[in-house]
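In the two assemblies presented below, chain A is common to both, partnered first by chain B and then by chain C.
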Partner chain A sequence: MTLPQTTPEDLNERAAIDRSARYPVMFFFTSAAAWLFFATVMGLVSSIKLRVPGLWDACPFLGYGRLFPVHCNALVYGWAMQAGIGVMLWLMARLTRSRFEHPVALIVCGHIWNAGVALAVFSIWVGAGRSIPLLDFPAWIWPVLAISYASIVVWVIPMFQNRRNKLFYVSELYLIGAAVWFPWIFFTANLVINKGSAPVMGAGTNAWYLSNLIYFWMAPVAIAVAYYIIPKISGRPIYSYPLAQASFWLLAVLAGWTGFSRYMGGPFPAWMSAVSGAAAIFSLLAILATVVNLMLTLRGCTKLWEYSPSLRFTMLGMLMLAVWALLSATSSTFVFGKNLQFSHFLVGMDTLAYYGFFSMTMFGAIYFIVPRVTGAEWPSATGIRTHFWFSTYGIVTMVVTMLVGGIAQGGNLAQWDQIFSASFVNASAYVVGRAIAWFLITLSNFIFLYQLALMFLGKGRKSEGPTLLHTEPGEAANAREVVGIH
Partner chain B sequence: MDTPDSKNIDYQRGTVSAVDLHDAARREPSLQRGEEGRVGVTVLAISALILIFGGGHLFSTSNGFGSSIYVSDHYIPEPRPDLGAGGDDAAAVAWIDRWMSDGKKVYANCVACHQATGLGVTGQFPPLVGSEWVDGGTSRLGAILLHGINGPFHVAGRSYSQLMPPWNSLGDDKIAQVLTYIRREFGSLPEGEDGVVTTEMVQAAREEFSGKANPYTEAELLAIPADAALPGAKVDLQTGEPLP
Partner chain C sequence: MNSNNFWKLLGGLGLSFLFPWLFLIVIPFIGASNAEPIPYGEGDEIAGGVLSYPNKADLRHGASDYGRQIYAAEGCSYCHTQVIRPTYAGPDMWRVGWGGREEEDGGFARETQPMDYATESFAPLGYQRIGQDLSNVGHRIEKAAREQQAQAVEEDPSNAEHPITARALMHRHLSDPKGLDPESGMPAYLHLYEESPYGEGLLPTPEAEALVDYLLSLKKDQPLPASMRE
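What follows is the complex of A and B.
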């Protein structure tokens, strides 16, 4: 079965939606990509600092304790969330067939978000950070982020109310989930941490927030993208639509319990981390069902992967989601977790989620969306290929060295009659892998930022055919045509 | 405008018509509600496995969902032969040495606060070395270990405000070993006192303090006489057999 071709009226409507989306969506993407480049440079510098601790000792701004949170916050709030918001708005407009009625308002709110992120990063950098992962910034900044998020995402409501599409597609379900879950977890985490709870509860809540930022925001946005892009590119409808809906509700019911297992053995009742570990295992049902469903949708036309950049990035991102969910379930159990917590393993896992899974899917979406909203094609297929391979090699290097290094470091930490720093010194060789990985990823994102900036400035390639990863078949109308699927 | 390049619409300049639509919008199909394909037996089997593992983990590690159990049985580090002891011929080693080295392993649970040196962290976690609670009778010490203690309390002339969680989820042997270890390693014991706590004594302590629901406060502990020792026979340090 294939999806039907579009009528001329629909095409006009589609083009009108894309045109109305151009400036806000491009604003979010370009500023996100700029934050991403900054974040990857910080990742590189902080890894070098971690490997050679004596370097730049005189300068407090180049201490690992500041560089690493600066890197994490810029990566998540500057890049990941901003790119996700851009994708969310465009997808919602397309799925409900609503135009962007107030693009200027969106751009203004987007500036407030960027200002909030800049304030957060700056205050951490000058030493006002609080060492609460991803909520490091001073307490007065979180309302800025919360209000600007709300004032951007609230525009989804009029789109939804004025919907002109009879089909309530499964991606919309995931997008609405993500849109409302983030305020919930962000408010809860900040209220519990800032409003005088016991410190132990603050740490536990922070762990819950970190986990659910992935399960309840990044995962649904990325899955919405995958359920949209994969049928669009392959021309095939979703293999099992009921399964796609069911996995949403499974995710909604199960994932909110995860998180506490990050601090298993900590001074809260043992059942809390036991329940979190079990929830991480049960959440595999939702994640694996989604990835299997997507792969079955693509069954028989995997050759598309060789040509379509969007499909390649999206599918790799979804596979990395499955890997992340599996590792996260494993390391949430006491058997494995007790020797992995507080080690490099955690850094590897977080980077796998933020970059390997979420960013890769967002790249897929951006490679799909930008030609449509700017009316031009990506300048260089070589650039996209380089971006893909450098990013892939980078993230694989990172994850493998950090996971193996984490196991080594965790084993060392278990030797309780040895001083703590010995575990770090012994595992510091693995940090070289992390530095190399960030170097590769930084290079790849320089190319990405450059290409995106050209598109932003209207200097894209004017062409009849899309920019495919391989160009031998000449100017094909789409990747399906190249591989002979109609 | 008539070169193939101009097929791309210039959004900045003007209107769009279906004729000069940008190609990107044209090349995608319309979305539909998907199919209702079936997933295979493999997927169902994997789902069943996930449910079994998740449920197994939940019920084996949650320790009955008790709100006062802080450390799951499965979290306690396993004995590591590479850290010494365990590999020796058990018969050749005196009972007290094995009891102490097992106690040292159980003490791994305590090092985060009390440190491997037993000196604690000044102002935050109380020391065991020079602590009147360790040096005194075993009743108070047993009570603290079984049910925890909540601040403020005083150790060696300083006030501490932390909560020490109860450790009654540990087995009787482990509690006896760790009590022996801290008393012999960190305590300064009166003349003629060997500092050994036996499993029998811990069983007696569990019975004696069984009604306690919350961690002790300092006042409650002070109600137990300072030199009260847990009832139980003394043992031969060489063999571990009760002395007549």
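What follows is the complex of A and C.
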């Protein structure tokens, strides 16, 4: 079975959609990449600070307790959500064949979102943070973020309703899910926490928010991208459509129960963390089914991975998603979780989610989308390759050192008759790994930001074919045939 | 597909998420918001005229509430937890001083309970455990100050005139943690202190005083009423 042939009318229509998407989508991507660079630098500085606690003690702005939340908030709201919103809008427009009706309104709302993120990050930095992971900013900032998110993403709904084709794409399902669920969890978490009448439920809701942000926003957007890019580049239909739908609904029903296993044995009724742990284990099923479905779609043409940057990033992102879901499920059990739950492992897991699977997939999408909306090709294949390998080495270093370091630290903490500082001393070598990881990632994202800025300014390479990762004469021509689907 | 299917899809998305939202968040939240202090039973009272758990007189106000804000703003809970897990989930209770006063100090160690956080608007359970758990840091510092004082007096009886207070020790923990424990991973919060106008030493700012008020108030080991102990 092959996909229907594209006609010249189709190509013209796609080009028109891409033209209408150019300015808002490029705005979201470029400002997201700038936030990403900032966030990775903060990740590096905070890791150094954690390794050498006495460094810069007199400066209030360089304490780990401020740098780390600054880093996390910039990474999630500045980069991840913004890049996700850009991808979501473009993907929905392409899938439903609708143009961007109000690009200027989107850009205005995008500025409000950026202002909200800047206020959030700045207020944490100057000492108005609340130590509530990813909701650290003062209470008055969340409506700014909520309103600007809603006024951007609401445009997805008319696109979806006006679509002309009868086919119901899996990506559409995931995108609508992400668009609808995020405001729900964001409102709930902020209302519960800011009401302040149930302090322990506030902390529990925060844990629930952290987990659901990943399961109900990052994972759906990333999976939507994969379900678009992998069939598109390989030129094959999704391996199993029913499996894709079933795993979507499985995730939808289960993932909302996750989160409380972050505080196993915490001051909650015991059933809460038990249910959350079980939900994380069952959600693994949904994620694995999705990833296997995508891998089977690619069966027999994995060589494309060598050429297409989009495919390479997306595939790696999906594999990381499977690893994340697996680790998340294992660490939700008492056997593994009780020693790991307050250790470095947690940082490794959160970074694996924010950078490992979500950002990698977003890079894949951005490498695919930007040449289409700007009408120019990426300036340098070497740049893309460097971005890929440095990011990969970075995130793998991060996850491995934080996992092993987490086991070491957790093991030391569990030795209750030993002196406490042993856990800090023994784990600090692994924090060096974390700093090295952020250094590699920062480097890779500097290249990414530079290339994206060139594309934003219209300085991309004007060329017949796309920028592929291998440029041997014969091979490249061959690859262009299979990859160069615009 | 027509727009009708959009509403069906939305209904499905809503329904799938409604259950966890309702049963995991909303209902427990309403329940916890309406929780009332539990009175001690007949013959079960603890000393000092405390009538219920949690003690209503402990409600945070003034400096210690300001200290809570400083604690949050400096991101203390990214490295310090405030949760003592029951032994099935970790050996927190066995670490000396973490679970509260030990038996020889006239208390007993116990895991933290939801109502222990009734004095805060958000329970700072924490993110990682880079540093010590702070659930009962108030007790620990008081005990350490007593011990240091006893040792100082033993060395030189004239030291009795200048007692080492828990407050002073807490300030030292914040301004010079490495001086107390060379292997400590804690940074010195020097921006909360000023150069003393009287020569050597540091002068705490109002922020540092408030933070110390808060930290010394952290004692999550009030004896539970019999109805909770079973």
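The rule we apply is simple: the second predicted complex is superposed on the first by the 466 of 486 C-alpha atoms of A that agree within 3 Å, B and C clash if a C-alpha of one lies under 4 Å from a C-alpha of the other, contacts with A are read in each partner's own complex, and residues count from 1 in each chain.
Everything below uses one rule, namely that a contact is a pair of C-beta atoms (placed from the backbone, for glycine too) under 8 Å apart; a residue touches a chain by one contact, two chains touch by 3 or more.
Keep in mind it's a predicted model, so treat the numbers as computed, not measured.
Student: So if we stack both complexes on chain A, do chain B and chain C clash, or do they fit?
Tutor: They clash: once the shared chain is superposed, the two partners overlap in space.
Student: Which partner chains sit in contact with A:Lys232 here, chain B, chain C, both or neither? Use first/second/both/neither.
Tutor: first
Student: If you stack the two complexes on chain A, which partner ends up touching A:Gly300: first (chain B), second (chain C), both, or neither?
Tutor: neither
Student: Using the touch definition from the top, say if A:Pro183 reaches chain B (first), chain C (second), both or neither.
Tutor: The answer is neither, since A:Pro183 touches no partner chain.
Student: Looking at the overlay, does A:Gly265 come into contact with chain B only (first), chain C only (second), both, or neither?
Tutor: Touch status of A:Gly265: both partners.
Student: Now for A:Tyr169: first (chain B), second (chain C), both, or neither, which partner does it touch?
Tutor: So A:Tyr169 only meets chain B here.
Student: Per the contact definition in the header, classify A:Gly465: touching chain B only (first), chain C only (second), both, or neither.
Tutor: The answer is first: A:Gly465 touches chain B but not chain C.
Student: Scan A:Pro143 for contacts with chain B and chain C and give back first, second, both or neither.
Tutor: In the superposition, A:Pro143 touches no partner, neither chain B nor chain C.
Student: For A:Ala244 in the superposed arrangement: first (chain B), second (chain C), both or neither?
Tutor: Touch partner of A:Ala244: chain B, not chain C.
Student: Given 19-27, 73-81 or 91-99, which one is the stretch of chain C whose C-alpha atoms run into chain B?
Tutor: Residues of chain C that clash with chain B lie in 91-99.
Student: Both chain B and chain C touch chain A; at which residues?
Tutor: 264-265, 267-269, 275, 279, 334, 338, 414, 416-417
Student: Which of the residues in chain A end up touching chain B in this complex?
Tutor: Of all residues in chain A, those touching chain B are 1-6, 8, 10-12, 14-16, 18-19, 22, 95, 167, 169-170, 228, 231-233, 235, 237-244, 264-265, 267-271, 273-275, 277-279, 281-282, 284-285, 288-289, 292-293, 296-297, 333-335, 338, 371-372, 374-377, 414-417, 458, 462-466, 477-478.
Student: Which residues, counting only chain B, touch chain A once they are in their complex?
Tutor: 4-12, 16-18, 21-39, 43, 46-47, 50-51, 53-55, 57-58, 61-72, 74-75, 77, 80, 83, 108, 111, 116, 163, 165, 169
Student: Going by the contact rule set out above, which residues of chain A touch chain C in the complex?
Tutor: Contacts found on chain A: 49-50, 53-55, 57-60, 63-66, 68-69, 127-133, 157, 160-161, 163, 166, 168, 173, 176-177, 180-181, 184, 188, 192-193, 195-206, 208, 216, 249, 252-253, 256-257, 259-260, 263-269, 272, 275-276, 279, 334, 338-339, 341-344, 346-347, 409, 413-414, 416-417, 420-425, 428.
Student: Could you pull out which chain C residues touch chain A in their complex?
Tutor: 1, 3, 5-6, 9-10, 12-14, 16-17, 19-21, 24-26, 28-29, 32-33, 35, 71-79, 81, 83, 85-86, 88-92, 94-95, 111-114, 116-118, 120-132, 178, 181, 183-191
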